[in-house]
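What follows is a pair of complexes built around subunit A, which joins subunit B in one and subunit C in the other.
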Partner chain A sequence: MQGFLDIFDIYLLEAVVNGILLGGVLALLALGLNLIFGVIDVTWICYAELVMIGMYGMYYMVQVFGLPYWVAAPIAIMLVAALGALLHYIVIEPLLTAPPINQLLATGGVLFILQSFATVAFGIDFRNLGIRLPVLAIGDMHFSYSRLLAFVAALLGMLAVYFFMTRTYTGTAIRAISQDRQIMSLMGVDTRRIYLITSALGGALAGLAACLLVLQYDVHPFVGLSFGPITFLICVLGGLGNFVGGFLAAFVFAQIISLGGLFSDLEWGYVLAFAFFIVMMFIRPAGLLARRS
Partner chain B sequence: MLELKSLDAGYGTFQALFGINLDVKAGEAVGVIGPNGAGKTTLMRVISGLIRPVRGSITMEGHDVLATPAHRIVDLGIAHVPENRRLFPRLTVDDNLKMGAYMPGARAKYAERLEFVFDLFPRMKERRSQMAGTMSGGEQQMCAIGRALMSDPKLLLLDEPSAGLAPVVVQQVFELVKRIRASGLTVLIVEQNVQQVLKVVDRAYLLEAGSIRASGTSEEMMKTDTIKQAYLGV
Partner chain C sequence: MNFRNAAWATGLVGLVALPFVYREPYHLHILVLILIWSFAYTAWSIMGRFGLVSLGHGGFMGVGAYVTALLWNHLGVSPWIGIPVSMVAAGMLALVVAYPCFRFRITGHYFVLVTLALSGIVLQVITATRDYTGGSLGYTPNRAPSGKGLMALQFDDKTTWYLIALGIWVLGLLIWRWVDRSMSRYAMEAISEDEDAAAAAGVNVTAEKLKITLISALMTALAGALYCQYQMFISPDTVSGIAVSLQMVFAVIVGGLYVSLGPTVGAVITILLAEVLRIGFGTKAVGWDNLVYGLLLVIFIIFLPKGILGSILDRLKTQPKPSGMK
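Moving on to the complex of A and B:
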């Protein structure tokens, strides 16, 4: 298996640039999770497993059915978006007024269901698209095109979300709903519909991440564990529900992982990132950009 | 235009309104006065669908309000400016006004409505890119009224528009209510500031402990002994 972080070379600049590239995808994942949390006030513990399903979708469409990558990608995004909406409709909506711990346990249950489903349906073999993108060499530094593509596409995806959130009525309602849930009906907003749209959007972001990650990593039923936990740490560090905070925290974490991996073994990057998180939780328990209330 | 018949409402086991009969005719300004905790805010919330009554009926121009989903009531032409304004504090003035025009019918008239609101509140035009939560109380009240007007309503529900504002600003708010009336809107206003509100409304109801105790034209209400003693301090 090609690990999550085993592409770093000995050069510092290369590590920094790779850290930035990694930050893009992490920021995309964090945005999806923050969106769900900020608007619906629930945490999808199984978020990374939606990404895993999306990666399998890409694998089957490209490797088994022979669709070109560019055709398969939008289908995978729509598939995971539908899965997000379904998750909300079946699991979250009945639990909207339940205690948060019950919501957490329920989405935790979905995590195990999805992992086990993937194990039974797809097997535990590591799969990949069989697409090898070339490597860009600048001097002695090497950057894989799959990472560059992931970074650019993640930024474009986030930009699209930004325009949707600021330019459209639905997007404005999504931003408003977390500020005053009760009076939304006075504006003529059907909160159930907004929740469903937000869940689909969160799913679509997971789907986009899946299309990008599947170019870099093999798919297996537990691949979600490689980036699920780190996504949660990013969201908490940035301040749960805070989009800008999550964006910044993603790049901070990516840099720590990238540089930590440069100076030592790759796994130490993760150790450093998690240690940094624990220390930060003592210094700023509510996150980097905590709102003063 | 708006008609409430023998309405009972409350929260859980607590009953706040008892057998309310109330009507508002097109073009009128009607006040509901009464002490704290009389059920005035509950009355407003029942009309706009934020809470559902236990018994009774509400009709708006012949439409059954209680058979309408809460988020569709604004489409019947009822706009509610809630107690404490309830703006979206971390949205700009522009975005707050945009939320007021959320319904498809209002979206189509967005530019026209925005001009109307900016005409009424030139201050809002200056503040349009400011976060609503950072404005003064009076400005926030303007923004809240403006947001309600964006839906192009026929009936405007105002819940305590003068609450928490400096005396000078209170004067301005009541001036605004007069101007809103003059633009042809029907207004139902709930107020504790009895002296002020009776100057701008045609008729008023006195609500005490969840029941309507008296009603009449503003002049009649001003002459009623109980109101004089309890609310006007003369």
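Moving on to the complex of A and C:
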């Protein structure tokens, strides 16, 4: 056993564990995006910006209004959920019959709006919650509680979505719509309502991710750009709309980023992840779990 | 048709003559920016009009600008060689990303997201190699010693830049027209309608798409390099990344995606808008211009998806003849 551990550098092990912890949050982000895509067939380019708004919401509630974290978090989740529903109602719904590319570009416009709104309203300073969670030390390895918390909360959030999707009528309707859009409205399901609920759910997942990320990272108007692209890569690698694939891909990517960051800067982790992504596109173009036809 | 050619010729002569008559440096500066960006937007629209929506063009532009500047600063390679090298680099990047996309039928959302990631990654690489590129603080090409301005492609004189930019802009329009009249256009239109049907009709789907992508990427890299040479300052935010990619899409959509002058109209509108907002709000304007951009983009896509110029031309064409109707 000792010999086995010796092969692995202690830092390597730490990076692996941190990668798993990061994977949880990335999987949460990917799940939200996949949900929207799978059900409404729209990609929210501005998804990471919703997270950014949620992070600002947390910052203002905790730092400015002095709410405790546990009170602020549900409010932030509801806030972003409402934002998601609003986004669907104002932007996506008028475009439902338009070419898919137009829907996608319109959410690109929303990305601009949210980013510059944050710049105008909150300024470009880096802000943080000022909450410093203790660091857990196991042997020579150090893990921050904020990451552990994020990982556990992300898993719980995903479990909650799973149960919602499989155990409730609305969840079943959502899954049915993702399988056949036309038939479901004939079966008496109100498509518009389901779309709104799905958008709110996607927003809520972004809000949850915001509550968890704000513990680890400073918030600024462009923070979405640092994890937005990687979320898109994860969704494509997992297969857009494929929940399990996205979950797996999130952990694969998180490992690459974490291990890449171990040997060099974190940015190189992202670059490595992208290189890996290109290679995977040659091998499994339709996503990790795609069946060969 | 003769009337149109005459109109084009007159317009062009007028544009060439302009800097010799009118020399206000600020206005010339705005014109140069408009022409360079018009060229970049035209490059995007060459792909975009066939449904190949790329959000990776910020990446190609960044490669064009940074490779040229880095070669000049670190190796002393003249931009006359550096620009072609940077274009080749951007072209290779385009091929590496686009080939698997096209070969394995990655289209629609998938293609957009992959290219989106590409521009994000180029931004990350520029930031990560901050020892060479200056990271997010930006990068300035070294000033050439006096008398070597031509070799370094650095001119203090706005008129020279105006003429260069004008030439490039015309080149962009000519390429647009060439594509518009080539067999590739019909092939690409067939592909964007139905890939399988196009393939069955004998169109080499992958090759046609790659050709268009390559042309577009090369042009975008050239635009990035010229922008760098003109501004003498580049930063990851102004020449690469998702924001720049979206800015291109936005301008083209506003101007009109399916008409040759659409991107130019888009560039005129967006750059004037940005300048007006900048002057109107002063230094507090940070963010306001993009806020208006974003709002306009959403409104345009919902209500006027063919863009301003496209819609006007459409209306002119479909306008019923006043007499003889009813």
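We adopt the following convention: the second predicted complex is superposed on the first by the 280 of 293 C-alpha atoms of A that agree within 3 Å, B and C clash if a C-alpha of one lies under 4 Å from a C-alpha of the other, contacts with A are read in each partner's own complex, and residues count from 1 in each chain.
Going forward, a residue touches a chain if its C-beta (ideal position, glycine included) is under 8 Å from a C-beta of that chain, and two chains touch if they have at least 3 such contacts.
Small disclaimer: the values here were computed from a predicted structure and weren't measured.
Once the two complexes are laid over each other on the shared chain, residue contacts for A:Y169 go to subunit B alone; subunit C is not touched. Contacts of A:Y145 after superposition on the shared chain: neither subunit B nor subunit C is touched. In the superposition on chain A, contact of A:F263 is made with neither subunit B nor subunit C.
Once the two complexes are overlaid on the shared chain, A:F282 sits against subunit C while remaining clear of subunit B.
Using the contact criterion defined above for the overlaid structures, shared-chain residue A:G188 touches subunit B, although it does not reach subunit C. By the document's definition of touching, neither partner reaches A:F126: not subunit B, not subunit C.
More residues of subunit A lie in contact with C than with the other chain of the pair subunit B and subunit C. Looking at the complex, you find that subunit C touches subunit A at residues 51, 53, 55, 96-97, 100-101, 103-106, 108-110, 112-114, 116-121, 123-125, 127-128, 241-243, 246, 249-250, 253, 286-291, 293-298, 301-302, 305.
Put simply, subunit A touches subunit C in their complex at residues 37, 43, 45, 91, 94-95, 98-102, 104-106, 108-120, 124, 221, 225, 228-230, 232-233, 235-236, 240, 264-265, 267-268, 270-271, 274, 277-278, 281-282, 285-286.
Contact residues of subunit A toward subunit B in the complex are 169, 172-173, 175-176, 179-180, 182-191. Contact residues of subunit B toward subunit A in the complex are 48-50, 69-75, 79-80, 82, 86, 88-91, 95, 98-103, 106-107, 147, 151.
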